[in-house]
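A, B, C and D are the chain letters, set down in written order, and residue numbers restart from 1 in every chain.
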């Protein structure tokens, strides 16, 4: 009955959950910048959710440190389907400059499938908007694939 | 609270300060370091970029062909810190960081910048012995000199001129076109800088 | 008046309970026999009283039964009378229902405590004593029954003799209870000295001509005595100890029934005998005591860490509502008070029984130790929710209706008297109601919801024989909430009428025309007016609720295919979100709740918990001070 | 016919459908104008609708530790009781089910959805929810005191023949005679207090201590996902509608043009304005209160305002 409405809405209201897996905070503040009046991601429906249960898109920043690995994996697991995992910046994709550190066990794709990577160190807010827009497309596809 | 109230009400009636980004294209500011562009034709395979890369984003693969080595240099943007060090170190300016910031990908391959070029086999001045040396470099390299001055291994050298540039005493002269490497022994202070900077490790001390 | 067979019912109801008490002792260790006797006794009492509804409530008769047929001689009532008007029957029914439910509950419940015959003997004595008080028409008889009831209650409080708290509580109860009893005795003696009779009806008729300082003292003593039995402020700390320490099935009686006898006594004394409620000063006094009881006890309850102590403080808080409402001396106020009395018996009984169920299943009622029991005891949790919603006045449960009547009554009184003070009483009532809700959310969160400690993994739902009485009480809670019209027409209305109709009461006992001959004022209000100033119709609310529920259900069925899946599995995906940590035991228990509230009121709450020192001497001092203040107040303003 | 009209009332206007649509509209306006106050473009007005339908399409996760029945039933009980409450509030003279509930009843009926959130969250077994439960309850304690004072002040102002009232009809009728209570200077403090109570009752910023997403992961809602969460979000929107409609009925009632449909539209415009003034503006200019600040603020400042009004109405 509401199939069309739900399908249309799937891409219009993506809620983000942001996980910092040992990031230097550069990407994190860029993500926050996306929500500021200047870039105002809310006009595209983006909203930061307080808990993974509400999220559609999980944004991970930082190389996966040994401390954070279990937490990251568990948190991503706890997001209800359909969900999209987005890596923010180079670190979660490849560990970047922290590669080879004793305390880094990344990259993230060892543990979960990454849907979208946003490169940059840190990415420009515009690039983040691009990446999230791509993520919403994937969300819609995943919603469609369920049928 | 009152000033905030005034601000809020005035905000209500003024133009929003939001940029129209996804709908209006936007240029990055000048000097922004974004997507890497690799000019493969200028590369001389010195490998300096690979060595200085902090994120370990650059890798090289080579395939032997009849005409020479087919060298592919891969820049993985997903591991790049966009620090510009590779471009700075590239003596031939073959690496360039552009203002393009749209680095978003669904799969890893979209984040890879590659360039392939052919490194021809030396045809002219290369003596047969050198050819032999090139094939078995480990077997017969030049011996280190007893007086501690540097020695070049012509089989390995790509004549990048970096050693000449870095030499504090100006004792080295390298001619890339003629593929010559000469040492002014009087000037040389045997500091070892050329040995350290040589990307191909062809200077022996 | 025809001499029908039902004239004998009141005395039979009392006798059934007392005879039952003695027969239970004889049954010794034979459990089944004992249960049958006890069950039969309470059921007989309940049935007999239920049969009286028709003549007394509906037809408005007042049953007078002279023991041994000692009818008044020469206009003096010498014999002992049982006099049952709608008010007595109202309280009698309330007692019978609570006693019956609790009795059936305790068959299973009390087994844990190495049951000895003593329990049911004392239990039936307590029930019989309460029944005797509310059905009696004789002041001294009321005192005697009060003593029977008090000592049975003390015995039952100390029933778990292995528990030092229980012994201590029983001792406190005994000491402070004796203050109340001696006040009643002294008051009775003074009244007898002045009126030369102990019959309530005749005293009521004679008092207007004999209103002298002695009678004022007698009034103050009787008022304080019954106030002590209802545990009004400042007698409330004993209640907390006693309710908390007694077995839950007894707490039901002490809280739901025992306190009601105090309320009944206050009604009889101030509305019937002395008719002091017409005085503004008495109204103000009673409303003040009610408000203080209400607020002090609810804030104390918020601070408790034990399920049953918390409930105990709430009992007094609800008694505060009843007293406030009765103190208004308007028809709506009295009706609201009486309605709240029956509701309080039902929902507090239910809550004490659920507390008992928790104790039965887990062995503790300490809030900090419990948690997450709703998964193991879903029915008990549902029953608790019904009780909690009822007591916190959530529509459409019963607590709401009576509280709503009380708000109306206070606000109406405010506009009638033009005094803003009564409007503030409304505010106190609402705030108390919210704090009540808060403390039950505290219980809900720390006992039934939240996380479950591992040691309760094997906890089982209580046996059926314990759940059935609870479900009956829950059903009554819902019924009294959604069918207030039936309640008001057949139960509350007649009882309210009876409170105001003392000439009828006098005439029924002393013969037609006696009242008219001796007293001139014919009542507070000629015609009890039960008009409300607002509107609330629970049945229609429920109907609308069901219709909207059906609509929502239909929509969700239609959209089922397109909805996301509903999943639950014991893996890490479905584990509780812990900021990414592995799930662990972390339960937000009672002590951690409502920080913002406690922080702001820390001065007051700290003072209060210091004041409730737990020392018997302090409590006696409070009681005696209260007595002195009440006596002074009565002399000053009566 | 009678039944058909009632059915329309219940299901379409002002019942289920209308309450949903108008609630979502108010929430959308709130978000849009909030964004504009912050010099942002802001989401489309339909954004809450998108959110709602998106959540319907999401997976519903029931925590393994939860008390499942309570966890799943709570949102629906809250929603339905809200819709029923919406039927009792007069909207511009239109009373779908008049004479069935008065102001105090509505005060209590509005507690049911809050309780639904509290017990639903409590049933999820999450410690975040536990803290949220505690905070939500403190915020309920905070606003009930000023709210009852406001209701008493209005009840006294609407007294007729010396009899004060809780009845919404009487309040409406008296306002038709005397003009909206907002124009009565004695009731202005009460109106201000009510404007501050509305966001707290609704659980909107800056009084959303119970659902502070940055501090305690949305408190009681932490474990909710999918359809139950959608229902909670919808309840939030409908609460906005009910509380603003209640404000309109209490302080802006009695504006009559003679045409019922026009009255209704005027009332709905008032609702929207009240939303903007009481919720959007406070959200834009205030940071979130701490729990104990909230309690203090409501029991001193807001209650003080309401009490001043009550005393003025009583004695002036």
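What we mean here is this: contacts are C-beta pairs under 8 Å (C-beta built on N, C-alpha and C of every residue); 3 or more make two chains touch, one makes a residue touch a chain.
All of these numbers come straight from a predicted model, not from anything done at the bench.
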| field | Chain nearest the overall C-alpha centroid of the shown protein atoms | value | D
| query | Count the touching C-beta pairs: is C-D or A-B ahead? | reply | C-D
| field | Far-end chain from chain C, centres as C-alpha averages | value | B
| Separation of chain A from chain D, taking each centre as the mean of its C-alpha atoms, in whole Å | 34
| task | State, to the nearest whole Å, the distance from the C-alpha centre of chain A to the C-alpha centre of chain B. | result | 32
| message | How many angstrom lie between the centres of chain A and chain C, each centre taken as the mean Cα position? | response | 58
| remark: Expected list for chain C, residues touching two or more other chains, is 559, 562, 564-565, 573, 575, 577, 579
| note | Residues in chain B with touches to at least two other chains are numbered 16-18
| chain A, residues touching no fewer than two other chains | 2, 6, 37, 40, 43-44, 51, 53, 78, 80-81
| Complete list of chain pairs which touch one another | A-B, A-C, A-D, B-D, C-D
| field | chain D-facing residues of chain B, complex | value | 1, 4-5, 7-9, 11-12, 14-18
| message | Considering only the defined contacts, which chain D positions touch chain C in the complex? | response | 7, 10-11, 15-16, 56-70, 76, 79-81, 83-84, 87, 97, 99-105, 107-109, 111-112, 115, 118-119, 122-128, 130-131, 133-135, 137-138, 140-142, 144-145, 148-149, 152, 155-156, 159, 162-167, 209, 217, 222-223, 226-227, 290-296, 299, 310-311, 314-315
| Within the complex, which stretch of chain D touches chain A? | 31, 35, 38-44, 47, 49-54, 56-61, 128, 212-214, 216-218, 221-226, 229
| message | Show me the residue ranges of chain A that touch chain B in the complex, using the header's touch definition. | response | 37-40, 43-44, 90, 93-97, 99, 115-121, 123-127, 129-131, 133-134, 138
| note | In their shared complex, chain D is touched by residues of chain C numbered 372, 374-375, 378, 381, 385, 389, 393-395, 400, 404, 407-408, 411-412, 414-416, 420, 423, 426-427, 430-431, 434-435, 437-438, 441, 444-445, 448-452, 533-537, 540-541, 544-545, 547-549, 551-552, 556, 559, 562-571, 573-579, 583, 586-588, 592-597, 599-600
